[in-house]
């Protein structure tokens, strides 16, 4: 248990902090880190007899919807989803995200899959968390080539939701819906403000108390490496396997299960 | 088998003739005669290897909907329901029906249950059949006190459906959507035009070949008294029992079952 | 998080003036809960029938708890008209918002979808539309020629109530093919359910029957009330409708005194 | 009346130029049917993904059968982008109608309800709306102040296609919790289904699982095609997604030649 927090674990714990207070967290397909963060929050809150719902799209076990693919969207419209995650091939300084492609639409040079539900959920989910591990000027651009979901909207547009935070491999930002600007809140250990500036194609503000992203405490880390990793492996077996491999031989699956048992009250 | 057609049987067979060509007939709650007519049509068409869908609201066996109470209405909107039945506390000469009450709305002197789905289905089901056994001037009025469903609509109103026919205890009328008038087509045996005129509060036209409602042929009667009555009894046990009682001791339940066996090819 | 509570506690979650969506007679009508509501007596209720109702609404009206009634119909079926409803309409003691079945479904669907309204065909030229100033006729924005269509505003009930055969201990509830119950729950701010029984295990774990389950996310509280739909039956087969009892009610409720007598004997007894 | 036919006959019911609604990868994607469609080759298809797609659409595009593609996304998941789709977009050889998941669901729901459009929140200010002249922004008729909302017109597919675990001999089809399949079928003029197997008895007769059944009224023809979703898996547990096979496809389809080779080896073989 003396293995220090990995980069990935730091991201998971950072996201789970951003989720504090949520009752229902929905996670899109192919999002193992947000899924792990939501499951970590659920595990931590269980100790306080609080039930957190986690919906992982594409999961059989962590998905309680019974009304087809539309239920996630209806649920968001009803105000029953507190947090959701979006990435983006491009994210710009106004919080706009682009999941469609680069160049001139429709004959984009690089074509990404498409907008999925972003053009809807970004309007309706109160705590939208932008998460993109790759922090480069290629991703974080001055202005996106295509708006899959806008960062902010005109005042007459019905919009209870929108981006609240942006987490990358280098740091964590908050997003101000009034000014439509990002503010750097913390820098991940081992990285610098200069590095982030160089890798970001837009200008951003600095938090007055700009600091280092805190390391997870040992109890959280134990819960994450035990029970949460077990749960994650149902949806993301390869991710769980690589996370375990990263933790090294010191944390064999048997040891991990033992941790899980200890972690559940 | 020498028992002649009863009044009720004549109505059932008359309705089933009106349903000829339908693929899906829906029947509302508490409508044993239309239900029997639809089941009779289904039984007759089965011999020609043609499948007729019959939905009886409130029936467990004769109802294949799996999407709740709204499915009937969606189904009608999709053009998947060819025929439906409506009664009416009042029906007027323009084909308007009133299921709400008499007197000044909302504080009606006599209050009936309400419009149910009539205000919708009367617009969307192509072959709407008005059926009201009681033929009196109290029911068939000059002008209804409340329009639950109008007989016709302005040309710009989307309306693939509407009344096609009216069957009563005295006779059978067709309805012309252009002129919004009823035409008496046949008079039931034992009744007269004068009787119908006296019992009808509105004026109507006469078919050039105005005749007597024909009696069912023996094969149809056998099918009706056998298999159809058995099927009807699932939804309307009391109706089936009273129909059997009416047929008298000559047609005991055992004999009825024997007929059913013979009738199914 | 779904709580399992007593019938008394369940009813206590309905405050005066609440807008309540009520399941129809054929889909698990919460009769025991209605009797407990009458015992507790929150007034000024706005009842939305999904989409029609029988004895449950007649009881609530007769007990003087209903201010507004939104419904496609009220009837006791074979037992005839609903006497307390008819009387209240004639006397003008309730505000009646006559609707048609698909309009009520559409209004709840709008709430489920988080949209202000649903377009709906039909209805134009009816007395219903004429008397619903809250509904609007609009031009179909996709048509080049005149094409009027009715816009039905969303109904967001404060509470949805129904009776179901079973729940699990997580609060998942079996609703089978009665999907109007899901629509009610999606639309409502709060959903209160009585059930015949609580089962072991998780109802969502059997894929074959999970399609007929309302997830606990939409269920605020459950109370176990065997025979909670009586005298109506349950679609799930536990018991059939007791037509004789409904007829007895229909006869007694013809007069105010008879109604009070019926209530005293049957409804004001504390539920088991 | 539902007919049970061969896979060849099923595919033959899709004519050139048809507007086809296709089930997503996770809900029973009709891969075997798609391969047979490619063998028969009806061109000019307008494909509507409900609401996104993977290899099935890449195959149809690569085979040159698709003129218009309406989708919220196309991806091979872990195997990366869909190469033939990406190429067709870059070359401008297909007309792409980018959407967002709930808009496609809403458009099919409008068809299910027989209404010209559904209002939908969100979308305003996106590049999607900007590039969809067929969608209209309207004022919420119930708001006193400016409240724009998008109206999504109905999509009425000529054909809906999906793969399901089982049908009965009456044509009732098990869809479980995948209610988008029901929506597709309600909305479409014609629904064609491949199934793993045909079961004895009537799927609607077991009330516990009937909620997950699409009634035969909406099903025009069924073909029995075991493993009809491969290389995708079935939610009902028959088999899992074969990620290695999808990756193999992703690699080969990077070039036109590789794609043709893949088709020749795997797709142009007559299905069992």
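Order as written gives the chain letters A, B, C and D; numbering starts at 1 within each chain.
The definition used in the following text is that contacts are C-beta pairs under 8 Å (C-beta built on N, C-alpha and C of every residue); 3 or more make two chains touch, one makes a residue touch a chain.
Keep in mind the model is a prediction, meaning the values are calculated, not measured.
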- prompt: Quick one: which chains contact subunit A and subunit C both?
  reply: D
- request: Look at all chain centres (mean of CA atoms) and spot the one farthest from the centre of subunit A.
  value: B
- prompt: Out of A-D and B-D, which chain pair has the most contact pairs?
  reply: A-D
Query: What is the distance, in whole Å, between the centres of subunit B and subunit C, each centre taken as the mean of its C-alpha atoms?
result: 29
- prompt: What whole-number Å value describes the gap between the mean CA coordinates of subunit A and subunit B?
  reply: 60
Query: Can you give the whole-Å distance between the Cα centres of subunit B and subunit D?
result: 40
Message: Can you pull out the residues of subunit B that are in contact with at least two other chains?
response: 65-67, 77, 124
- prompt: Which residues belonging to subunit C are in contact with no fewer than two other chains?
  reply: 113-115, 120-121, 147, 149, 177, 179, 182, 210-212, 235
- prompt: What are the touching chain pairs in this one?
  reply: A-C, A-D, B-C, B-D, C-D
Message: Touching residues of subunit D toward subunit A in the complex: what are they?
response: 24, 26-27, 50-52, 71-75, 77-78, 81-82, 85-86, 89-92, 96, 98-103, 105, 109, 120-131, 145-149, 177-183, 235
- line: subunit D partner, complex, touching residues on subunit C are 106, 113-121, 136, 138, 140-143, 147, 149, 151, 153, 175-177, 179, 207-212, 235-237
Message: Residue numbers of subunit C touching subunit A in their complex, please.
response: 1, 111-115, 172, 182, 186-187, 204, 210-218
Subunit C-touching residues of subunit A, taken from the complex the two chains share: 24, 50-51, 53, 64-67, 74-80, 124
Task: Can you check the complex and tell me which residues of subunit B touch subunit C?
output: 29-30, 58, 60, 65-70, 73, 77, 98-101, 105-109, 111-124, 146-150, 153-154, 156-158
